[in-house]
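Look at the two complexes coming up: subunit A is in both, with subunit B in one and subunit C in the other.
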Partner chain A sequence: MADPVVPTPDPADRMPPSRLAAYGAVLASRIRSQRSYRANFYTDLGASFLIGFIELAEVWILFHNVHALGGLTFRNILLVFGIADLSFSIAQMFFGHVDRMPTFLRAGTLDVFYLRPQPVLLQVITSEIGLRRLTRALVGLGSLVIGLSLNEIRWTVGNIALLAVTLVSAFLVHSAMLVWAGGVQFFLVSGAEMTNAFVYGGRYAATQVASVWSTPLKVLFGFIFPMAVTAYVPALRLLGLPGPMWLPTWLAWWTPAFAVWMWAFALWSWRQGIRHYQGGGG
Partner chain B sequence: MSARLLPYWRLLVAGVHEQSTYRLAMLGGLVANATFGFLKVAMLFATVRAAGGELRGYDIGSMSAYVWVSQGLLGSVNVAGTSDFADRIKTGDVAVDFSRPISPQGAVVAREVGKAVAALGPRGLPSIAIGALVVGMSMPTTPWPYLLGVVSLVIGVVLSAALVYALATAGFWLIETRGIQVLYMVISGFFTGLFVPISLFPGWLSAIATATPFPSMMMYPIDVLTGRVSLTRSLVLLGIQAAWLVATLVVGALLTRAGRRTLEVQGG
Partner chain C sequence: MSEPIIATDGLTREFVRRTRSGKLLRDKTVVRAVDDLTISVEAGESVGYIGANGAGKSTTIKMLVGILVPTRGTVRTCGLDPLAQRRRLAHEVGVVFGQRSQLWWDLPVRESFSILAAIHRIAPGRAREREAELVGRLEMGDYLDTPVRQLSLGQRMRAELAAALLHTPRLVILDEPTIGLDVLSKQRLRDFLIEERREHGTTLLLTTHDMGDIERLCDRVLVVDHGRLAYQGSLDGLARTVGAQRVLVVDLVAATPDLTDLPDVVHLGSEGHGLRQRLAFDAERTTAARVLTEVSNRVAVRDLSVEEPDIEDVVRRIYQSQR
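Moving on, here comes the complex of A and B:
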């Protein structure tokens, strides 16, 4: 937020002018600024790793008490957790700050974006990059790799394609969640915690065994905010296990469609927010 | 009330008013708490059922009580580690706090406790109501757990404010404290038993957790209030909480004094 702006020559001066150069220049400056408070940057990286690690530990503790939960063992859940947390952390790295809309709204910094001849959403997205989330993505990646090696998965072309499609779609769904939340926050401002229920609650839901959910939870996090289909259902498909009621495993191939749905929902929400905004005053 | 304590009492009341102003924020927090509550219910109930209906002293009813009381306390116990005071150190505004004739520590803690008390009504009670009405939970039928529970809860809330204050004083040396704030958030949430009760931890991990002040913020108040522990054990837990509170306040005061000497405010 109040990171120092390090004055350096503008890379745009040296680059042939391109439409994307401005976005690149901003991102490069954000990367430099994050690394300028060194001690804080390294603590950030450590803390971010620990977040992922402890979330995994919380899942492990439950499985330490019982052998299987909702039909899955700890080995199986590593796969679900890996897909969910890897895609969520990468989405957070690129889109996480969109969720900080209330801060931009209160400080009036959003108004600056309206003055430039570029789409506001694109400017907000490229205004920051959360480098510290890299270490958290590593926890997700580690869990995924261990999950893939500990479970017996038949490496057919279909399964490899399914894993690739799932990872990309899950990243898109989580990114869309953050944009959706940003749009809603134009209306809520001080009530921004409400969107946490779905963005961070969604992350928590995505790492869970969805078969233990009540029907309302299945509707909410299975379809409206499609969390179960981003990790749990594809993992069942890879493991060759049957799906619970409401969540058959053929849905695994539909994750791109859910990503399209979530982005449509997100862009609609963002548009409503942008139209509602009257400026920060001053 | 003595004239020396009056300003802190006024700040506490101001905290209550401050928090009560943000009604929408309260509603937002409640929606988040309830959603997480239902997800916790799903996983923890499934764990208790998979263990045969009883797991380390928890059955479905007492697990439900744990989930909804812990969700209800989230508005009052600061597990995020964020504070305005950290920002005031960073911006240099803290120089103004030092020029006042009251202790900055006392002022910050009093105001935060006021905010926490104000959140108990709109965030704590509805969360417990959801648990009792929608999910069903077992609560004690004798008065003692409630009486001791309130005391335990108050100590937990003050302790959480005192800990976050002590954390913010790191800013006197580091300036940017976001990194350690996030670190605090992760560790305090885990060891206070926010997502999984500490009794479910394996022995070695539970030993580490109970060696920290974090269970005193939330886990112990829940254990006392829901009657999960005996009367004697409740009194022991209250003693542990009180010891941590005194230690945290002393450390916070020492750090404030040392920080005041290193403080360098730029500009003018």
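Moving on, here comes the complex of A and C:
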């Protein structure tokens, strides 16, 4: 017979979990639940891939007919499309549900978030994760890799850093767009139509050749919602091409500043939304 | 320490409703959902917060926990400012909104509990003990691994209650916890709450339309009407104030003349030539058993039911008595 084992009390058993554990636990459960509906999940993955692929095909068809647009060839635009769509679809994966506030409001989920000891916005963000968008991100990644290999890019330390900074900043800009839209939707319960014009219009703008835009469009999607700066301008910089009027390529290094601006705007919008909600939707 | 666990002073909440009048013009009307409410609940008390639909109960609760901003007046819950200190307050308060779910509909009950334990940063050992305690008392053992979406209403409400109480809050606020439940489920929920209060000294604030909840669970009632405090005091006092009467409905074996001369009983009406008769009596002066005996002495009774005074009725009477 073995000696009786005296259980050593595990000190970790008496330690409160870290602040991050809460978000981790929710996210992990979301991932498990998506995987438990397998057929549904695979269909979603397929659909998401198809959407990404059609977006890319659209660009390809356009360039099949014109060869060059605003000084860019199809090879060049693959790079723009890759940066824009990869960062957009990852932002969608983590933040895509934030601009569906009416759903949260109608289900009363938001009231429940108020009863928990975490910031409401962080709870909304971590309440879901759109894994199905992985396949769309793959289309973006594929386009980016092909774009990088087909074009002659000088792989200096500066250019590598620029690419990394651009991808992160572009992700942040697209995420902020979704948070901004979420804030607005507190005021307009059916406001998704309006915000979609900017969120999805913005994504579309990010994949386009901004040199052919009119000045108002350059102001709107170049600076206010800085889409052109998230992919087009950095791509020009990487390719060593000159920027059009209003969008010089040195702006490529300013994408983090644009990300900060977008997040400041997004948090301000969210705060207004939350205040309005606490005001009871008057 | 002597600070009340809930204290409001002149708490008022207005909503602006915009209604369309004509093609472009919109009318603004201000609706006062909560009107100059001053209440105080001591730690350890159990208080029923009652009123008709739309009387301002849920609006008050939302202000108590920091979901809504008051238009005027002040509110302190657990000695904290619910707006500025919402996250600290969340550790002290457990809330069940009968119509809103805290649980993850696609997860087994057990997983919802472990996520909530992480959310409230409860140490794993402590969380296990508390979960075991709640699962035992609420008899949830046989459906812990069932996804929430497959639970019956009674099972789900028990799980909701456990979810709200997992972090052992000092103050528990329940908004219509027994709505839609059958008699047995209601009973189980009430027994649990009584035991929980005895063990942990939890303060309870409860809104309900069910007189039984109030009678079993509450030491004191607050009645709101149109956002104003209409009555506060004991339940007995409430019944006395409004003269709430219970009604005994008897189905008789044979058609019988109206039973108008029973002691302490008012005959309310008859159906089917006196086959069914409705008899009101004052619970202060007599009992249902005595009335039934009196009736049985005269005529054979086939079936019976007792109607409790409903909250709407009680509130209506208070409102009328104040004018």
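The rule we apply is simple: the second predicted complex is superposed on the first by the 261 of 282 C-alpha atoms of A that agree within 3 Å, B and C clash if a C-alpha of one lies under 4 Å from a C-alpha of the other, contacts with A are read in each partner's own complex, and residues count from 1 in each chain.
Please note the rule applied: a residue touches a chain if its C-beta (ideal position, glycine included) is under 8 Å from a C-beta of that chain, and two chains touch if they have at least 3 such contacts.
Please read these numbers as outputs of a predicted model, since none were measured by experiment.
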item	value
Subunit B versus subunit C as contact partner of A:A21, first or second or both or neither	second
Subunit B versus subunit C, judged by how many residues of subunit A each one touches	B
Touching partner for A:Y204 - first (subunit B), second (subunit C), both, neither	first
Partner chain(s) touched by A:T215 [first = subunit B, second = subunit C, both, neither]	neither
Contacts of A:N196 with subunit B and subunit C, given as first, second, both or neither	first
Subunit B versus subunit C as contact partner of A:S29, first or second or both or neither	second
Which superposed partner A:D111 touches (first subunit B, second subunit C, both, neither)	second
First, second, both or neither for A:S149, with subunit B first and subunit C second	neither
First (subunit B), second (subunit C), both or neither touched by A:D44	first
Touching residues on subunit A, where the partner in the complex is subunit B	2, 37, 39-44, 46-48, 50-51, 54, 57-58, 61-62, 64-70, 188-198, 200-201, 204-205, 208-209, 212-214, 216-217, 221
Partner subunit C, residues of subunit A touching it in the complex	10, 12-19, 21-22, 24-26, 29, 33, 36, 108-109, 111-112, 114-119, 275, 278-282
In the complex, subunit C residues that touch subunit A	13, 15-17, 59, 62, 65-69, 83, 86-88, 90-91, 93, 95, 97, 99-102, 104, 106-107, 111, 114-115, 117-126
Contact footprint of subunit A on subunit B as seen in their complex	22, 24-25, 27-29, 31-32, 34-36, 38-39, 42-47, 50-51, 55-56, 90, 174-180, 182-183, 186-187, 189-190, 195-196, 200-202, 205
